[in-house]
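Presented sequentially are two complexes of subunit A, the first with subunit B as partner and the second with subunit C.
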Partner chain A sequence: MRVANVGIVIVSHSPKVAEGAADMVRQMVGDSVPLAHTGGDPDGGLGTDLARILEAIEAAWSEAGVVVLVDLGGAETNSEMAIEMLDEDRRGRVVVCNAPVVEGAVIAATEASGGSSLELVKRTAEELYA
Partner chain B sequence: MPDGSAPDGSRIRPEGAPLAGAPALASGGQSIEDSMPTEDTLSGAATLANQAGLHARPAVKLTQLAKSFASRTEFAVAPDGPWIDAKSPVKVMRVKAAKGETLHFRASGPDAEAALAALLALVDAKFDEE
Partner chain C sequence: MTAAILDTAALGTAEGRAALIAAVAAVVIAAADELTALDQAIGDGDHGANMKRGFAAVAEAAPTLAEKPWPDLLKGVGTTLVMKVGGASGPLYGTLFMELGKHLGTAPDRAALTEAFGRAIEAVKARGKAEPGQKTMLDVLIPAHAALAAGADAATVKAEAFAAADRTVPMLATRGRASFLGERSIGHMDPGSRSSSLIIAALADALSAG
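This part shows the complex of A and B:
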């Protein structure tokens, strides 16, 4: 076995968008990449929740690191806060990706499925905005 | 085919192999070919036969397959390029070649022959979609 593949976390304001993006990753890329998704606030409305983002990072954890795909404003700031709350040894291995959430998740997972490094997975997804 | 060689083996040929009667290298040693490394480059072509062509899902499969080989693998929709890195999911996704178009592949590296054969077989198998 080679070193673990980078994990993917999808954070959207909408639980349906997060779930749908995760479905696309699973169907198009397969299950060789750790994957978790979260969306919506604790009351069931649109939004993002710090605790749930932390859970998602935990669920998709990989020793190779985790990239987080976010949609808008609060998803990004809450994800950054979640990363700051991680243990010191993990904090440096989780990065928010500047890429569209759906396409970015599929592209990041494709790159990750080949065993690429955290840095390369992030850079490849960010090519979408280049 | 007269012999029992692999069914698609005849499509793979060394690129830049000297033609009969071609002039010998200039004694000055300046005859460096194009931009590819001087190690053996193999090339081959396959026509897209699946209905959707090189759409999102086939693009992911092609990228994943290319990444499973150590060799440099590239393809183009014209025999003279421009060449796309087959391991780059974003670049492959942007090609959007349609059914009936021909993909020209070239590979160089330690497992170039296996990589090329596998990529051609994937296209021939319609990306296992139909």
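This part shows the complex of A and C:
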């Protein structure tokens, strides 16, 4: 059986940024990587919504794990909180990636499309900052 | 004056607990415009709307939450804030209340509250990857906790919380959105410090009213 590719979740304060970044990922990797995106607060304004982050992780779930790309403060804090709320067997397989959200998502997805491990996908995107 | 904290008999009843939750929520909701103005000066301007949304949900849940013992009540407040606030303050205040619930017993006294508050502050530090002196809510929570631990009455804890929020004005922000402004963050009160001081003041008022 083919091993699943790492999934990608994009979390931005802006629904448009999240959607646009996801479009750029799809253009690069097609459907070879599980992908989900979310943006906006619970009322639809700029911000992030923990419940929808959980849904996005579920939608992009892969047995190989999920990398979450975030833009600013609340996106990171809400994503970290969401990960802690996952079932114990999944919690350890979802990581927040410390990389620019658009570039990081494209690089992470490209790395993931080659079947790389969760750790390698995360590290490759984070090297954008190095 | 020796207004004791958590000595009010009213808190033993669901009605009393519901009134306490409603009082705190009302203070935060009434301050929404002020919090927004503070956040527009050095942040993204969403703190008032976010806190209002979160505490409106808490107020709505108050009658149900008040039926529960303290640990479950506080966990419920924290979870509601986490799910509804929509900004970093959701997980931060959510963590504060959830951890309070985790460490406060079913019949808390002053010592238990002091201990639980201290642990909850440590959890907020970890959640926000922050330390005191960075112009954040910690700069109010920690002095308020110190006053509580030193035996201060409710009025003194409240005064210290407000004074601590004032002391964030000259601070340089090194954590949170205000840190992007660098030195331009100096001269403005931290919005999270202000909301923390309001919550502590509302609690102090409610707990000393009986």
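The criterion applied here is as follows: the second predicted complex is superposed on the first by the 129 of 130 C-alpha atoms of A that agree within 3 Å, B and C clash if a C-alpha of one lies under 4 Å from a C-alpha of the other, contacts with A are read in each partner's own complex, and residues count from 1 in each chain.
Note that in this section a residue touches a chain if its C-beta (ideal position, glycine included) is under 8 Å from a C-beta of that chain, and two chains touch if they have at least 3 such contacts.
Remember, it's a predicted structure, so these values are computed and weren't measured experimentally.
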Three-chain arrangement built on subunit A, subunit B and subunit C clash or fit: fit
Contacts of A:46 with subunit B and subunit C, given as first, second, both or neither: second
Subunit B versus subunit C as contact partner of A:78, first or second or both or neither: second
Subunit B versus subunit C as contact partner of A:102, first or second or both or neither: neither
First, second, both or neither for A:29, with subunit B first and subunit C second: first
Touching partner for A:111 - first (subunit B), second (subunit C), both, neither: first
Minimum C-alpha spacing, chains overlaid - subunit B and subunit C, in Å: 26
Subunit B residues touching subunit A - in the complex, by the definition given at the top: 56-57, 60, 63-64, 67-68, 87-91, 93
Residues of subunit C that touch subunit A when the two form their complex: 44, 46, 49-50, 53, 82-84, 86-92, 94-95, 127-128, 176-177
Partner subunit B, residues of subunit A touching it in the complex: 27-30, 106-107, 110-111, 113-116, 124-125, 127-128
List of subunit A residues in touch with subunit C within their complex: 13, 41-43, 45-51, 72-74, 76-78, 80-81
